[in-house]
Amino acid sequence: MDEQWIQSVGIDVGTSTTKMIVSRLRLGRMSSTFSLPRYQIVERQLLYASAVHSTPLLGFDEIDAEGIGEILRREYETAQISLSSIKSGAVIITGETASKKNAQHIVHLLAERSGDFVVATAGADLEGVLAGKGAGAEKRSQTLQGTIVNVDIGGGTANAAYFARGRAIATVTFHVGGRLIRLDPQGVVQYVSPNISQWLSAKGLRIQTGQAIGFEQIKDIAEHMARSMLDYLTGKERQVSGLLVLGPHLRDAFPVDELTVSGGVGQLMTAGPVNSIADVSRYGDFGPLLGYVLQQEREKGAYPVRWLDPEQTVRATVIGAGMQSTEISGSTVHIKPELLPIKNIPILKLELTSEQLTDPEQLRKEVASVYGMGERLFEKTAGIPFALAISGIGYCSYALLQTIAQELADQYRQTFTESKTMVVICETDMAKALGQALALRCKGAPEIICIDQVRVEYGDYIDLGEPISGTIIPVVVKTLAFDERP
Amino acid sequence: MEQQLDFLVDKVVAELQKKLGEMGQTAPAGTQKTEVPATPQMEAAQKATSPTVREQLALPVEPERTAHVPNPKWQEGLNELLDSTPARIGVWRTGVRPLTKTMLQLRRDHAAAVDAVYGEVSQALLDEFSMFTVETQYDNTENYLKRPDMGRILNEEGVRLLQERCQKKPQVQIVVSDGLSASAVDANLRDVLPSLTDSLKSYGLSCGTPFFVKGGRVASMDHIGELLQPEVLVLLIGERPGLVTAHSMSAYMCYRPRKGMVESERTVISNIHRQGTSPIEAGAHIGTILSKMLEQKASGVKLVL
Amino acid sequence: MNTKTTVLGQTYQFRDLKEVFAKANEDKSGDQLAGIAAADSRERVAAKQVLADLTLADIRNNPMLPPEEDEVSRVIEAGINEKIYNEIKNWSVAELREYILSHNAGDSEIKRISRGLSSEMIAATAKLMSNLDLITAAAKIRNITHCNTAIGQQGVLAARVQPNHPSDNVQGIKAALYEGLSYGIGDAVIGINPVIDTADSVKDILTMTKDVMNKFDIPTQNCVLAHVSTQMRAIRQGAPADLIFQSLAGSEKGNNAFGIDVALLDEADELMRKEGTSYGPNFWYFETGQGSELSSEAHFGIDQLTMEARCYGLARKYNPFIVNTVVGFIGPEYLYDSRQVIRAGLEDHYMGKLHGLPMGCDVCYTNHMKVDQNDMDNLGILLSAAGVNFVIGVAMADDVMLNYQSTSFHDIAAFREVLGLRPAPAFEKWLEKMGIMENGKLTSNAGDPTIFM
C-alpha cells in the first residue's frame, strides 16, 4: 500500500467566534520497499471551511453548549461529511472560554457531535502552536536563520508561539483580545475583563463599566495594550507587560527576527482605519481598534522585527487544529486493534541514562521510582493509568531489550495490578521488538500497546486513533506545558 | 489534582535545571546537544561463557563527528547540516585536497570494508546458536567474487550435511550466510536472530534446523529450498560493505523457494545494522512478514504487506 | 567474411562475429564469467587481428543480434545514415581506427562519420585501441548539449553533485548539496538517487532542489534518478523536473529487466516535451555500465563492451543532455580490478563520444573490487585529459546511500586545477557571484556549506 487518505476535523470554539474545518490528510509510504515500513502525512487538503460563527453565549461568561452543537450539526450537514468517516482531528476550546465553568460539558458534547475521532481539549500552549502552524510560521521558520513568533489574537486571549528551524521552541499567552473591553455604539463601556485590571492600574489607565469613553481615550488603551504585548514578545520590557501574561512566563529572552499576527484581530489589522467610536464599536467591542493600532505599529516599524503577513488570520487556529495536529506513529508497532482508539492518556516519562542502561540494578531502581511517581500522580484504574514514554536508549541490543522488558513488565504487574492495558511509547524505532518482548512476558495481563517515533514530554496527553491499514496509528500529542520544555 | 500538577511541574523544572546545567549557560534555548548513542558492545568471545549483563551492556564511545570549516558563515547551521546526514561534509580542505585526518578516516573505513569481505564469521558465535556450517562451491574468496554462480550451489558435502542433519519440510527455515560481509553476521546476528525467533514464537510458527552457509549468494536459497522444501525461508546475509558501515545485513525471504526463482519473488529487508534499520526491530518485523507469506502463500511483489 | 588468422605460428579459426568481438576484448572478468573471453593473450591478439581486417559491411551484414529479434538493434539500424555508410562500408576496422586517430579527422569530420556507423562498428574500433588511443580520439570530440545551461565546451569539466541520503531525508540531501555547491560542483546536474520509489518522495526531492536553485539563482538542472515511470508520475503531479533519467541496457531483454522498453522511453520523451520545466532541447539523463546485460542474462553471448556500445546506440535516439557510464558499480564479477575498471572507463567514454553523446563517467568502485581511491584518482585524471563532459561529485567520494565510492568534490576541484579546466561558463559566473571562485580558483569561502543557509 503506497497511500491512504484520512479525514480530519478541526473545531475552534473561541471567546467571540466558532469555526470548523474538514480536511483530508494523505498518508504516503516514506520508506523503500527494502526497509521497514514508515508512513508520513505527505499532503493536507482543506475540504471544507465553515463560516465564522459568533460563539453562542448564555450571559457574559457561559458558552451555550447546545448552541455550539447545533452549529456543528448544520455544518456537518452542509459539508456532507458523515461522522463515522472522521478519523482524526482536534477541538480547541480557546483560553478564556476553556476556563469557564462549562468547558467540560462542551467537550463531552463535542465528542458526541463531531464523530468518534481523536479529541484534543487543548490548553493555550497547544492552541498557540497550532495557530502558528496554521498561520505558516512553522513552515517559514524552516528557511529562516533565527526565530519567528506568531501571535494569534482572538476575543479573549492572544496565543504566541515561537518557532526556530521548524520546531516550536516556546509559547506564551496574553490577556489581549478584542472582547476584553466591550462598548455600545455610543461608546458606553459594557464590560472590562477583570484579567486586565492589574495591568491597567500599573499603566495608570482608567476604564470602568458604564463609563462613556472618548475615542482618544480608548485608542490610548488599545495602543498601550498592543505595545505591552509587543514589548513582551520582543523582550523589550517584561515587568509591566508581564502583567498581561496568562499562565507561565517565558523562561528566556528570545531574540525575535520575524513576527506574524493571526486570529480575528490579525484579520482586523487589514480592515482599514478606525477613526471614531462608531468604527471602534462595530462588533460591540474594541477589537477593530486593537487591530488598527497593531497595523499602525507595523507601519511605524519601531520594533526591531520584520512583520510578515500570515498565511491564515481568523482561521489559523482551526486550520492548525484540523490539518496539523495529527502525527503518525512508526509503522512497526505492537498493538491490538480492538483496544484503539484510546484518548487522553497522560505521559509518564522514563528517561534512561547510560549508567542505568548498563547496570540492571540502577535500571530497576529508576523504573521503580518512575512507576512510583505514576502511582502518586494518576488514579488507579482498570484501564490505562498513563503512557510510559521511554527515551535515552539509542541503540538497543537484544540483551538490553530483554533486561528492559523484564523490568518494565514485572514491576508494572506488581504496581498497577488492576490495569488491563499497558501503553508504551518509544522514542526510537523499537516498538515492535519491545512490544513483543513485553507481550511474551505478560501473556495478555496486561495487554500491550507499544508505538514509537513520537516525541512527547512531561505534561503532555496523548490520543491514539484507530489503526489505518493495520499498523498506521494516528497520534495527537496534546501539549499542556510547552514552556517547560528544554 | 492541583497537588499532582504541582508535583509534575516541580519534576519538570528539576529536570530542566539539570539539563540546562549540563548544557552550560551559553547554550541557546531550543537547541539540543546530541547525545552519545548508547551502543552496547557485543564481544563474541565474552558472550560464549555467560557473561554478566553489565559486560554485555558496556558502552563504547563512538568518535564524534566534527566539522573542520575554520570560519563558517553560520556555526550552528553547520552543526545542523552535520546532524542531518551521515555524508562526510563540513570536512574542509587544504588547497583542493582533503585534510590529512579526513583522508585517513576514509582509508580506515575502506580498510574495514575490505576486511569484511575477506573476513570469516566467528565460530564461537555460530556455536552459540548451535549452527553447523555448509559451504557452497565458491572455493576461495577471489573465485567467490568472480563467480557468483558458484556461490548459489552448495557443494556435495554441504548437500549431504543438510540431508543428514536438517528437518525436512519445516514451516520456517532460517539460514545465515556471510555473503559479502562476514562482520555483518558477527555484528548483528545476536540481535536479529533471537528477536526473529521470539516473533515466530508469538505467531506460533515452527522452525526447522538453522545453519550457516559459507560463501553463499542470495540465490543459494533456491538450492536449499530444493533440498529442504520449507514453506518459507529466510536468509540472513552480509551485504556488500560500504564505508559508513561494513556491518550491514539483509534478510531475503521467499515462499517455497526452488530453482529458477526470480528477484521479484523475494522479499527483502536491507540495511540492517546499528545506524540503519534496527536489528531487533528488523527481527521482529521479519517474523511478521514470514507469517504473512504463509497466510497469503506468496512472497516478493505478490505479497501484500 | 574472413574469421581465420595465424599468430605466432598458431592458426585460429573463429566461429562467428560474436566470438571475434568477444575475444578481441582486453581482459574482463565479465567476459570470463560469460565464458566468451579469449583463453590467453595470443588468442586475444589473433581475434584483434581478424577484427582489424573485417570491413564495416561485414559487421553490418552479420548482425550479432538481428533487428528482427531486438528493438535496440532496430533503433541502431534506423539511426544509420545510409549515404555516409555507403562511403565507408568497405573500410576495414583498422582503417576506421586510423582515420579517427588521424589529423584529417577533427571534431566535425568525426561527427559526420559517426552518423554512418553502427554501435557495433564503434565497439570494434575500441577493441583495437590502446588506452592512449581511446584518450586521443575522445579528446578531439566536443559534444555540447543544453538543458537549462550548456555543458561540454572545450576546456570545461562539469560535475554532477550527488547528495544522496540513506533514507531520502530532504534536509540531509540539502546538507550534502550545499557542501557540493560550495566546492563549485553541480554544473552538470543536481542529481539524487532516491531510496524510496514513490512519486511523493521523488516530488519532494525535485521540489527541494528546485527551490534551492531558484533561491540562489543557480544555472543548472535538477533530476531524481528514480525509475522512469515513477518520475513520470511525479511530473504528472506537477513535480519540477528539468531532466528525466533512466538506466539503459543494450538489448530489449535487458531493458525489460529494467522495466522499460522503447515505447515507454518514447512516452517519457513526449511527456518531457510537453510538461518538462527546462529550456531544452536536451532533457534526458541516461546511465549505463558494462555488464548489466549479463547480470540479467540478456547478453545473447555478446561481449560486455559491445553491449555497452549498443546502450549508446539507443541513447543517441533521444538526444540526451548527459550520459554516464557507472563504470565500477556493478562489481568484480564484471570488472575485477583497477586495470579493468580504468580500461572500461576509457572505452565507454570514447564509444559514447563517438556516438555523438555528451559523455560523462561515474569514476567509481565497490568495496569488494580490487580497487581503491588511488585508482579513481588515475582514471579521473585520464578522463579529464580525454575531455570527459562531466564526472560525479560525492562528499569525500563516499556515497552513504549506494555504498560505493566515486570521485569527491575535492577530486573534481583538483582535476580542474591540475588540467586548467573550468566549470560550465554560466555556472562559473554564478560561482563568482557567490564568492566561491575567482579566476578559475576556489576562494577562501569555498568549502563552507553554510553560505547557502
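To keep things simple, chains are lettered A, B and C as they appear, and every chain counts its residues starting from 1.
The working rule: a contact is a pair of C-beta atoms (placed from the backbone, for glycine too) under 8 Å apart; a residue touches a chain by one contact, two chains touch by 3 or more.
For clarity, every value in this text was computed on a predicted model and none was experimentally measured.
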Central chain (by mean CA position): B
Maximum centroid distance from subunit A, chain identifier (CA atoms): C
Geometric centre distance via CA averages, subunit C-subunit A, whole Å: 53
Mean-CA-position distance for subunit C and subunit B (Å): 33
Intercentroid distance (Cα basis), subunit B paired with subunit A, Å: 39
Sites on subunit C at which at least two other chains make contact: 453
Residues of subunit A touching at least two other chains: 33, 35, 145
Touching two or more other chains - residue numbers and ranges from subunit B: 74, 77, 80, 271
Touching residues (chain side subunit B, partner subunit A) in the complex: 4, 7-9, 11-13, 15-16, 19-20, 23, 29-30, 32, 35-40, 42, 53-54, 56-59, 74, 77, 80, 190-191, 194-195, 198-199, 201-202, 250, 268-271, 274, 277-285, 288, 304-305
Subunit C contact footprint on subunit B (complex, rising order): 69, 71-75, 77-78, 80-82, 84-93, 95-98, 102, 106-107, 109-110, 113-114, 116-117, 145-149, 180, 239-244, 246, 248, 271, 276
In the complex, subunit C residues that touch subunit B: 29, 32-33, 163-166, 169, 171-176, 178-179, 183, 331-333, 336, 366-369, 372-373, 394-400, 403-405, 408, 410, 413-414, 416-417, 442, 446-451, 453
Residues of subunit C touching subunit A in the complex: 167-168, 195-198, 200-201, 204, 453
Subunit C-facing residues of subunit A, complex: 2-3, 28-33, 35, 42-43, 145
